[in-house]
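Report on one structure; see the data block that follows.
Chain naming follows the written order as A, B, C and D, and within any one chain the residues start at number 1.
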Amino acid sequence: MIFFWAFVVGGIICVIGQLMFDVFKLSPAHTLTILVVFGAILDGLGLYEPLIDFAGAGATVPITSFGNALVHGALQEADKHGIIGVVTGMFEVTSAGISAAIIFGVIGSLLFKPKG
Amino acid sequence: MADEKKKKLPPKAQAYQALQDKKEEKRPIVKNCMMAFLVGGTICFIGQIIMTFYIHFFPFTEQTAGNPTTATLIFLTMLATGFGYYDRLGQFAGAGSAVPVTGFGNAVISAAIEHRTEGYIIGVGTNMFKVAGPVIVYGVFSAFIVALIKTILTQWGGM
Amino acid sequence: MLQGKQTWIFQNHPVIISTGTVGGPYEAEGKIRKSFDILHDDLWLQQESFEKAQQVMLEEAAQIAIKKSPIQKEQVEFFISGDLINQITPTTFAARTIGVPYFGLFSACATSMESLALAAAIINADGANYILSGVASHNSATEKQFRYPTEYGGQKPPTAQWTVTGAGCALVAKTGTGPVITSATIGKVVDMGMKDPFNMGGAMAPAAVDTIETHLKERGVDHTYYDLIITGDLARVGHEISKELLHKRGIDIPEEKYVDCGIEIYQEDQQVLAGGSGTACSAVVTYGHFLKQMEEGKLSRILVVATGSLQSPLSVNQGDSIPCIAHAVSIEAGSDVT
Amino acid sequence: MNMTFFQKFFLFFSLAIVCAGCGTDETMESQSSLDINPLSAKPSLFDQSPSNMAKESLMEYEEITGIKAVNSDKEMIIAVQIKHMKRFFMAKHRKAWQKEMEKQFPGWKVELSTDRKIYLELDKLEEKINKDTLSKDELKKEMKHIIKLSKEQT
């Protein structure tokens, strides 16, 4: 069941991105940025966590979860340390995506040449 | 919005753009959306498989399995990007391969691979986030704003 | 020599005594693969970077042109060339290798005909005896320069074009045998306020039409004078639009007499979206394909209108529209002119 | 080539969707029967009747498809699985049930989780208890481990 919903919810988020590409003619960078901001706002409203509960990877794999995770880290830390935590807790939850991208980016650049 | 900008153009350019719009090959939106749904859904599906695998065979809960899943997907993206498959997937999948975290990974890794000819410090180091940078910058900034508002509302407003 | 405001008539008949064309792996699968002198199956050409590969292609094209001609490299007086990469460095490095006094040009994809027109003008005015003109472009180097890293999976719309990997050189001489350059029209920058860098054909079409119209008017000929009018790299989208625009201005060129290099170079099933583009596009198709047809007697008068979109990534990001240009050069079979 | 590739791709994924759809129906059916096994009393271990009681009271909720629970002398871990369509409101339900359990077992340290991992771990633990292969200390250690797991964030 979770597999089915992961597929559907993930697919729908991608269709939203595609519509931003094709209908509003936004560049990939603009589209992804808007989606991340959107994810952050959804988490602020407390709507993203239920979506993760429901769709699993369908909600955590799209880039929107990046915004969600950033807010989540900030809120968790703010809970413990007050307003300063908003700044310090930011990367607590998201570090995996960024560090994996950096690590595999460097490894990739050591291993591969662009194929063109 | 776009129309307002067009009004500033000389009438000749306006007339031409109207003609251009008629002749321009339109983007196949329905097909693109279908492909985005299928490919994006499949990547998330694969993500769910990986996640379930981590939950069952490693000490990760539903909460904590997301991070290793992301890392695994980005590792797979590195291979797909390095062997030159991801850009081809991107051409027909569109947002289907760009919106999942693999698209973020691809943006970082492709830039890193591309600029290795300029050296590892300047080339790879400075260009790595050339495409994916805005995602981090505005992700962090918007998260800051959202978290700040929410913290103020719950901690002081709720008092 | 000057006739009208923009057109040069070359009464001393500069001759293209030889040409050299080089193509990459994608061009090797294209429609006109047989007309290339060298085809590479490696996009890197065993070089360290795509830019170096582009440089090597230009050097090779120059070498072939000289080798096919009766003259020696030392007899070449000037080298006129340009490309699309930052400050045209690949061309400059090639010019360093060739070791001939050098003019560096930038007119984006119109550089091919700009260099040929200038070469003809200098020779016509007795400024030189032999001038090598040519251009090169490399798909991956151009992608990296103007768009995204080559391995980035961004989706391109159907109006986008595929930059040709290749180089084309023409050796222009005062005397000799070969096709004659009879006239050239230098285009004005035309900007219709188009902003989409993924639709350059649509942006460039008005420039091409403007130059064709001016050329025919100033030369005082009808379009029937030419066997073929060839646009540089308008590709499918831009070529269709240019037909419509020409029709509106009362120039109705029959379908089979109005072709585009960006459409000619690739097969239908190759995934190049709207068609080819890049500095090398008009050069390899003209020097390789059409001049060969002229040699075989299938064509006797052609007008090549190379089109260029002169934006930079910076200007696009700053929200500027895309300024475009087109330069036309007429080439006629040697036997007809003298 | 483009078209054939596109067609193949489309065909493949249409099939995949159909398969996923079929799989869905099966899991729905299996979920309609509750996954609960009462623990048998083992003289060598803590009395598991509080866990069994918790299971019985949680069984009332129709959202729940499976319950696992284990307790030591003053500590209890409960893991529930709920109907997929109710997962949207999982966090809310979890809080409510946690409160209810705390009320039902005053003075106990009750931990209620909806996490699949905790559910799987408790399932294994229940099996061990039923086979009587655990000592009291081992059970406490296992429970400590599971609680730690459930407390991990991110």
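Here are some notes:
As a working rule, contacts are C-beta pairs under 8 Å (C-beta built on N, C-alpha and C of every residue); 3 or more make two chains touch, one makes a residue touch a chain.
Predicted model, so just to flag it, every value in this text is computed and none were measured.
Chain pairs A-C and A-D differ in how many C-beta pairs are in contact, and the one with more is A-D. Taking the mean of all protein Cα atoms as the centre, the chain whose own Cα mean lies nearest is B. For subunit A, the chain with the farthest CA centroid is C. The distance from the centre of subunit C to the centre of subunit D, with each centre set as the mean of the Cα atoms, comes to 69 Å. If you average the CA atoms of subunit A and of subunit C, the two centres end up 45 Å from each other.
Our note on geometry: subunit A versus subunit D, Cα centroid distance of 27 Å, whole angstroms. Rounded to a whole number, the gap between the C-alpha centres of subunit A and subunit B is 9 angstrom.
In subunit C, 50, 148-151, 154-155, 157, 271 are the positions where the chain touches two or more neighbouring chains simultaneously.
For subunit D, residues touching at least two other chains, in rising order: 20, 153-154.
Contacts with at least two other chains are made by residues 27, 32, 38, 42, 45, 62, 66-67, 81-82, 84, 92, 94-95, 98, 103, 107, 109-111, 113-115, 131 of subunit B. Residue ranges on subunit A touching subunit B, taken from their complex, read 2-3, 6-23, 28-33, 35-37, 39-41, 43-44, 52, 55-58, 60-67, 70-71, 74-75, 78, 82-83, 85-87, 90, 94-102, 104-109, 111-116. Here subunit B touches subunit D in the complex through residues 34-35, 38, 42, 45, 55-56, 59-67, 92, going by the rule given at the top. Every residue of subunit C that touches subunit A in the complex is listed here, in rising order: 43-44, 50, 139-140, 148-151, 154-155, 157, 196. Those residues of subunit D whose C-beta lies close enough to touch subunit B in the complex are 6, 9-10, 13, 16, 20, 115-118, 120, 149-150, 152-154.
The touching residues of subunit C, when paired with subunit B in their complex, are 48-51, 144, 148-159, 191-194, 199, 202, 205-206, 236-237, 240-241, 244-245, 271, 274.
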